[in-house]
Amino acid sequence: MSAIKESLVPPDEGTRLNLYRSLVELRYFEKRVYDLFLKNLVGGTTHLSLGQEAIAAGFGAALREGDYTLATYRGHAHTLARGVPMAPILAELMGRGTGLMSGKGGSMHLTSVEHHVMGSYAIIGAHLPIACGTAWSAQYRGSDQVTVCFFGDGTTNIGAFHEALNFAAVWKLPVVFVCENNLYMEYTPIGDVTAVPRPAADRAGAYGLDPVTVDGNDPDAVYVVAREAVGRARRGEGPSLIEALTYRHGGHSRADPAKYRPEEEVKAWLARDPIPIYRQRLIADGVAASVLDEIDRWALDAVDEATEEAKAAPPPGADLLLKDVWADGSATWRN
Amino acid sequence: MSAIKESLVPPDEGTRLNLYRSLVELRYFEKRVYDLFLKNLVGGTTHLSLGQEAIAAGFGAALREGDYTLATYRGHAHTLARGVPMAPILAELMGRGTGLMSGKGGSMHLTSVEHHVMGSYAIIGAHLPIACGTAWSAQYRGSDQVTVCFFGDGTTNIGAFHEALNFAAVWKLPVVFVCENNLYMEYTPIGDVTAVPRPAADRAGAYGLDPVTVDGNDPDAVYVVAREAVGRARRGEGPSLIEALTYRHGGHSRADPAKYRPEEEVKAWLARDPIPIYRQRLIADGVAASVLDEIDRWALDAVDEATEEAKAAPPPGADLLLKDVWADGSATWRN
Amino acid sequence: MAKLTYRHAVARGIAQEMRRDDSVVFLGEDVAAAGGVFKTTGGLLEEFGGRRVRDTPISEQAILGAAMGAAMTGLRPIAEIMFADFFAVCWDIVANEIAKMRYMTGGQITLPLVIRAANGGGLRFGAQHSQAIENWAMAIPGLKVVAPSTPRDVVGLLAASIRDPDPVIFLEAKSLYAVSEDVEDGEIVDTLGTARAVRDGGDATIVALGPMVPKACAAADELAEEGIRCEVLDLRSLVPLDTRSVLESVARTGRLFTVEENPRLCGWGAEVSSIVSEEIFGDLTGPIVRITTPHIPLPSAHALEELALPSAARIAETVRKALAS
Amino acid sequence: MAKLTYRHAVARGIAQEMRRDDSVVFLGEDVAAAGGVFKTTGGLLEEFGGRRVRDTPISEQAILGAAMGAAMTGLRPIAEIMFADFFAVCWDIVANEIAKMRYMTGGQITLPLVIRAANGGGLRFGAQHSQAIENWAMAIPGLKVVAPSTPRDVVGLLAASIRDPDPVIFLEAKSLYAVSEDVEDGEIVDTLGTARAVRDGGDATIVALGPMVPKACAAADELAEEGIRCEVLDLRSLVPLDTRSVLESVARTGRLFTVEENPRLCGWGAEVSSIVSEEIFGDLTGPIVRITTPHIPLPSAHALEELALPSAARIAETVRKALAS
């Protein structure tokens, strides 16, 4: 919990309402996805961020338009938090032609270049080096765009993590690496397979970086840490590695009932659900409950509307099959 | 320079003479290889350990028969230091049929299973995970064999390093990772491409290990550190990561005149040549110069003899081409 | 005799071999306590304990390096790479180390190890979790490549792979995990490099592998109703390759069709095609035709994925047209 | 017009493009200050400075990840992977990320980048530093694959690759680095997907790539003295593949021989063979014959390496025998 020295100023009320809006938006959205896959309307696999919303929301609020984000297969929340509309995301999960990537990527690969959401990546670790590239490009072009790269605790044990962290540090790249430590790599407790207690923070020193941990269930705390790290990056002071402690409410993916987690552990973390806690806090700090109710209603409506829109959309046309392998739009490899 | 607490007892005279013998053997051998490639008798590429001999020698002396070692393409010294005879190594470098691997591997892949030299590896980092495997096997079989894995400073920046270190620490494997920091990854100074000053030691903490550095030009110091780490591994106390500071006298490989190194740097390190220094130390400690001269002579004779033997050997027979892809000795992939 | 799913056949094959040979060990991500993300390895931890059945970090290079090092020093490891696509993060250990070690060391080192992976598409997992990578492995000298199409073959070929003294890439078809059939009790050990005729016929030879075998059979059944009789060969392994069975069949039928799940370029079908056109050119009565996934990454939407992968209908139509012309 | 080595042609091609386009950047291990371990990139740091020409750690995944991320945000990176064998340590970034990104994102992302590597054998570097990996890349949808056989082609095809909006794997033949020829001054920009006939003849078509082209030419010259006239086609790129030139030539000659440096199984020769036997079966007058390195890791001893790689003598003998029978 060091290094983040300046700007411990808490977010102002506007930002906090914004954070709240983002939280409930992500929450209702992910719950809807869950419902839709129970109804078999979402196929393939799906990884939800239920319980972990404060991280995507906190960073989303700390970023400017033009900043780049890269996420994992568990990336619905991170995509939404950048302002990507719900309907095309849902449509993508449902394999519709109006999907964010026309149905060709699926749940694990959400991308919206328009929103500078530079992809969601399904091979553990791969996007950390890629985030070095978007950051390098910004640095090269002399823009002040910052890159934020989200990943999980389990990801800290793969080689690409190491290469990217060292590379970013040596090139002093404007990139923030955010480890969402939800205590599990898929089904195995992270502690069983990691040589240090804090998989990210305890390794920051290996890259000449300060160890930073933050309560990933506290949107204010995440926002403050994010603002600080993003600011450093924007000022050319190099990369950061942040470990946000959190917990997923459900299973790893669609197929997983998450039976491997001790009951008390689940209970304790459900009691730390970021949303009711944040709601209480806002109310305690003087926000009218009705204002928050209004936001809830708005978010739920938005999810309902997006659901209807996505449901009504047709599957992708057969012409898409051989489209867009190459920049000329074709899939032609021969004459 | 911590962690190594016990057995700081310096080696006894027998061991020191042994170390000296090993040093000069490696030195004369590598010089001969250099001569032979100037004469075009050694083809392909070759990477010499001139200047770095104290590390292979120190570890060689600290190991028991049955312990496993894995080295890099710069592995002549490490192979010799385990007792592998010179002639088949030279023959291998010269592409002869009597080569250690019948001429099929070459300089970069010296292997002698008979001596538990479990390979030399030419892709940076690959053998660190493999060393986890030989160590795991010993642990599983309940043998007390220790694995030692040598690699360079540049290797600490590749993903496999990270995966292997974490894996070995979590499984508490009997393996000692030895980083020979010779200040350069090929032609680029290691400091230019690494986020921490000590590429290995500064990362030990990321795997819950103690940082250990040692003067890699001091055979006694290497031996003591080796004995300690190998002992820990043998007692089931898990892996170690050791950074040995050293310098290569020549270029990275056959093709490299090493012009990129500052003259004063080279001069300073040549003045720290492990062999004359060790010789002085032994004499100061009471060893007769004539004893050392005798060892020198013996080593030079051994190199001469091996050279003649290798030179006289024929190239590998054409029958070897399609031999030994598979355990049945064949290369047959179809019926 | 009892119903056995393709999924459960994996654990059965592993257990069969672990019981008879204490040097067989098994490691991978989420394979032990959780029984595997595809539920293929349930019960192994319970029966063989944490010393022999081990969960690992997400470190594919370490997993396969550990398997390799263990194999060279007396063990017979089985390593799981969860999805075959992940071979890409540890391809160096597979292609540069494991495959080459024996040859480079002049035969000093043998590597009796098996790497299992869930291979191929059909479950809408998208381009990074659906690849059929058999041709990646086949292209590397020093690897054996096995791909069973039935639960019984999973047991028998897995046992054969574990007993084989060489490195085997064992590709399980994730789209077949739920398939079941009656399988006899007791030990089953099969033989690598033996194709199996699963349909007889003299009009054409259809060569298939893994999940393409049931599709080829369905196509053959459809064609049989029209009077076109195809021999369907299930290759079962690509290395060793049972070229003899293929050549004999094509010599008889005069026509060869290959059905590949992998994207088109440089697939095993091209290899088989080139062998046939080099060795029994005179027996061919018409063009060799390859049926493959187009040369594209696999799309995730159901509608598109279905179009991309070879289907029984596409196979039947291709054969029908080719034989008619 | 001046003599240019294949080696120096690399720096010339890169420099030509860096001069005209500030978004072209170049990174790799030992490429800047040291000018590359094969001395292919000397002078670039001096001309373009450390902002555009950058040395990296030994972190191939980071190198290619950085290139990819930069390409998706406005730059045109050239990355060097020193030896093509090292693609194995970063294959995920190449095969799973770079190759699939455009398709998976429904065309949102384009990746104008080039990955150069020293490919193939012939220098006694042993099995881990001598692989010809063109078929690894060709098997992955979404990658273009280019392999020049002459200094002039290095410049022109490299320029074309850098200007190409898609990811290109650019394979330099390390055994040709010392070869030189007269090359005109000024800008040279070639076209991908265009094979070139380098020998004319009506008796057979020999298709070759990279360092196999001079060997095929030597074989054709030898055969020509005996009255056997072969057309030799230099493919120059595998993706895009100039099938038209191949089909036209084989339709004329009736016979196809392919010469591959890669180990036998699943090579591009198999792909070309299968295309020809599927599309112009009726024009073939005899078996298609592939000449390849056997399916083995490459041995290091000179005597063995020479035996393993296709030689002019082996090519000539194979063609001679095949045409005689």
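A, B, C and D label the chains in the order they appear, each numbered from 1.
The rule is short, and it goes like this: a contact is a pair of C-beta atoms (placed from the backbone, for glycine too) under 8 Å apart; a residue touches a chain by one contact, two chains touch by 3 or more.
Values in this document were obtained by computation on a predicted structure and should not be read as measured data.
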Q: Have a look at B-D versus B-C and report the one with more C-beta pairs in contact.
A: B-C
**Q.** Greatest separation from subunit C - chain, by CA centre
**A.** B
(Q) As a quick test, compute the distance in whole Å between the mean CA positions of subunit B and subunit C. (A) 40
Q | Cα-centroid distance, subunit B relative to subunit D, in whole angstrom | A | 36
Q | Whole-Å gap between the CA centroids of subunit A and subunit B | A | 45
Q: Calculate how many whole Å lie between the centre of subunit C and the centre of subunit D, each centre taken as the average of the chain's C-alpha atoms.
A: 30
Q) Where in subunit A do residues touch two or more other chains at once? A) 99, 102-105, 109, 121, 123, 126, 157-160, 163, 166, 170, 192-194, 320, 325, 331, 333
Q) In subunit C, what residues contact two or more other chains? A) 56-57, 59-61, 85-86, 88-89, 92, 96, 103-104, 126-128, 141-142, 239, 265, 294-297, 299-300
Q: Could you pull out which subunit C residues touch subunit B in their complex?
A: 25, 51, 54, 56-57, 59-75, 77, 92-93, 96-97, 101-110, 112, 141-142, 165-166, 193, 239-244, 275
**Q.** Contact footprint of subunit D on subunit C as seen in their complex
**A.** 85-89, 91-92, 94-96, 99-100, 103-104, 126-128, 135-136, 138-142, 239, 262-263, 265-271, 273-274, 277-279, 281, 284, 286-290, 294-297, 299-300
Q.
So in the complex, the part of subunit C that touches subunit A is made up of which residues?
A. 29-30, 33-34, 37, 55-61, 85-86, 88-89, 123-129, 265, 294-297, 299-304, 307-308
Q) Mind pulling up the subunit A residues that touch subunit D in the complex? A) 68, 99-105, 109, 111-113, 118-119, 121, 123, 126-138, 140-141, 147, 159-160, 163-164, 166-167, 170-171, 320, 323-329, 331-335
Q. Which bits of subunit A are touching subunit B when the two form their complex?
A. 157-163, 165-166, 169-170, 192-196, 202-203, 205-209
